[in-house]
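Input: structures, listed below.
Heads up, the next two complexes both have chain A, just with different partners, chain B and then chain C.
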Partner chain A sequence: MTKQLYVARSPRIAARMLGEEMLVMSAQGSTLFTLNPTATVLWQNADGATPLDQIVESKICRAFEVTPDVALHDAEALAEDLAKHGILLISEQPISNTNSPEPERR
Partner chain B sequence: MSLLLQEVSDRAQQLGVPFNVHLDLTYRCNEKCVHCYLDHEDHGEMTTIEIKRLLKEMADAGVFMLTLSGGEIFLRRDFFEILDYGRELTFCLKLKTNAVLIREAQASRLRDIGVASIQVSIYSHRPEIHDAITRIPGSLERSINAIRFLKSQGLKVIIANVLMTGNMRDIHAVRKLAEQLGVECTLDPTVTPMMDGDRSTLNLNAGESALRDLFRDEAFGGNADCAPPLPPDESVMESLPCSAGHTSCYISPYGEFYPCVQFPLSCGNVRRQPFLDIWRNSERLKEVRSIRLRDLSSCSQCVHGSSCTRCPGLAYMEGNMRGPSTQDCEKSFARTGIPSANLLARKVTPPAPRLIQIQLVPVIAGSRLATVSAAAGAD
Partner chain C sequence: MPSLAPQLELPSAVIAIGGIAVRVNTSDAVFLAMLEDRYAGFVSEQTHAEFEFDVDLYPPGIANPDADVSVTCDSGRWLIERGECRAEWQPALGRGRIRQTANPYSIDAVLRIVHTLALAEKGGFLLHSASAIRNRKAFLFAGVSGAGKTTMARLAPPDATLLTDEISYVRKLNGGYVAFGTPFTGELAKPGENTSAPVAALYLLAKGAENGIEPVAVAEAGRELLSNMLFFAEDSEMVHRAFQAACDFVQNVPVYRLTFVPDERVWELIG
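Up next, the complex of A and B:
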């Protein structure tokens, strides 16, 4: 059985919606990212408590009309990429003590 | 500015979003710099509650980059409370400080909060020069120690120097000091008038020959072969003077809302009016936004029109926001040897040029992911 993954927004990042894009900047390296709509949905729902497969099924598949298997595979790869840059946390356990309320849409 | 950040800034402008705000938390300071443009008396700073309310309004308005400055920010007892709240609201937080009050504990806390950069003012590598400018004995040693504390926490530090008559011989040594400390270094030859209009500080500007040398100094990004200017074409005529009032603005410790820290045209007060209401509805701000190069009587006819870094705020402080900024005219003259239309009209021999911004920024490889775009060094 595949282990569940939990994702959470890093507590030391800057983030803001600009139009339809999410801007994220990690304190580590002052690197600015713009997230595409799929990555933005993942980011906004990375609360540390909801398993990644549930986020994919309830938010991404519904919004982007993609099958769960494909979407989960892509989401895991994306989450790992974001984690490498210090802007997302990944764990096999629920993650607590993340700071941020979800950045509001502008 | 990175390409991605430029794209994002352009997008913010299209959407009418105040992307970048400079907020001075206090004008009080523990240094007494000879070139400072501020009145350091406290005339009624915003309270903690007022500042938190403002931060929330700014986050709701879409502000992303938030620079906290002063005065000396660490003189506010609630500074870390404000900073924590700024982090909670997911701003990109940048600080400007003399760092005199930063020790290991403060540096550690700044690391935990995730501050993007800390700009520290250093005017010379020699205590007798730096401390004479700050008028605080021992200030250089304390600021350098603070930089080491900040670096030990992995924080990004930028030394900010200002070119003046008193320290012009030390600019290369300050740059070398920055290299030794492993930090970036900026040099700003802009000594601006005081915010109350007093122009006596301009006497501290380094002479024209110093600025001309600087423009040709490769160590500071200068180029000995400064190209002669091209006359402005149609696209330049429609261009914006700068980001002031378009994607950025400034808030004083008393809540006054200006287009820029160097543009003291009050557009409202956030104590009496919501931030976004001022941003969207201030008639003065709309007037600032309406100005294009073609509207500038002197500059639109000037040979430097396409290359000049005319500052609308300095022009305003000279008496006309649609007029020339003589300090920038002098800079263009130092760079090219060709007098501006303004200088020709006034038949003046350019004195010491004053306004340029040269920044030494190391090239950092940017990361690009399949589903995200990234750009490093996003200042």
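Up next, the complex of A and C:
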């Protein structure tokens, strides 16, 4: 049985939706990233409490019209990549008290 | 046991940039005269200063104006190191100490960093850009080295007031953005005028075969603004503030790509 994964926004980043693009800046090296649409949905819903497969099913599949199996596989790889850059936290347990920044949609 | 001797007041110069005054205390008359000359248009008669630095000079060495800068913060105490210069600063106390040789580059670097950090608290920033006032509106011209900042400043018509050819000073005031003149110079080696005006536009410079202006999408504007902002500290809170300041700015001020032929006709598009 596959373990559930939880994802949370890192507290060490700042983020803002500008136009149609999500800009994310990491305090580490003041590095700026622009998230693609899938990563943006993942990041916006990474609350540490909702399992990744639920985010995929309820948000990503709906937004991008992909099957859950394919989408989950891609989302796990994407989450790993975002975690490597310090943008997301990943755990097999719910993640709490991260002081994650709320996604801004101005 | 605390000393009962009265503290001697050192000779000092108050350097006010962007409405933020920094008092520099030094016992060295020659160094003080150098400061008063270098920052001539920005030396203030006011007695109050937000921040105050005591400067300890040590014998001349080889000052390297291109030395890397290190800015770190530990428990509210900032440490700024650049080449032979070492400065400590506690913003909450408004005081700091600089140890350096009697060269102009070190104090200049410290002032830029102090203003960068002070502005970040207020939603403002320093920007690698030329800026000028025309028709009571300020225009910023940003770009990396070689993009044309000095060229734009050099080509400015007589009715334009140059704020800087190198480092623009942007404050968020009363819900808008105001650009101030700075003494921080680039190739033109000419300090800006000590005046200010509301920011009307930011132009991202690009040299081309003909003059033209086109709007820049807000996300691209944000990326380019961030790449041109002066920023020194890897402190998480400061990074967050600088990022939000840049995003706020591009959501409230028009940003354009200014492609230009390097002659005076480009200013026909400005103002």
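The definition used in the following text is that the second predicted complex is superposed on the first by the 104 of 106 C-alpha atoms of A that agree within 3 Å, B and C clash if a C-alpha of one lies under 4 Å from a C-alpha of the other, contacts with A are read in each partner's own complex, and residues count from 1 in each chain.
Here is the rule we use: a residue touches a chain if its C-beta (ideal position, glycine included) is under 8 Å from a C-beta of that chain, and two chains touch if they have at least 3 such contacts.
Owing to the predicted nature of the structure, the values given are computational and were not obtained by experimental measurement.
Partners chain B and chain C clash in the overlay (superposition on chain A). More residues of chain A lie in touch with B than with the remaining chain of the pair chain B and chain C.
By the touch criterion stated above, A:Arg12 is placed in contact with chain B and with chain C alike.
Residue contacts after overlaying the shared chain place A:Leu78 against chain B, while chain C stays out of touching range.
In the superposed model, A:Leu52 lies in contact with neither chain B nor chain C. Once the two complexes are overlaid on the shared chain, A:Cys61 sits clear of chain B and of chain C alike.
Contacts of A:Leu32 after superposition on the shared chain: both chain B and chain C are touched.
With both structures placed on the common chain, the touch criterion links A:Leu23 to chain B and to chain C.
Looking at chain A, you'll find residues 11-12, 14, 16, 18-19, 21, 23, 25, 27-30, 32, 34, 101, 106 touch chain B in one structure and chain C in the other. Those residues of chain C lying in contact with chain A across their complex are 217-219, 221-223, 226-227, 231, 234-236, 239-240, 242-244, 247, 250-251.
Within the complex formed with chain C, the residues of chain A that make contact are 11-12, 14, 16, 18-21, 23, 25-30, 32, 34, 101, 106. Of all residues in chain A, only 11-19, 21, 23, 25, 27-36, 38-39, 78, 81-82, 85, 99-101, 103-104, 106 touch chain B in the complex they form. Interface residues of chain B facing chain A in the complex, by the touch rule stated above, are 2, 4-5, 8, 11-12, 15, 17, 19, 59-64, 87-88, 90-93, 112-117, 154, 156, 364, 366-367, 369-379.
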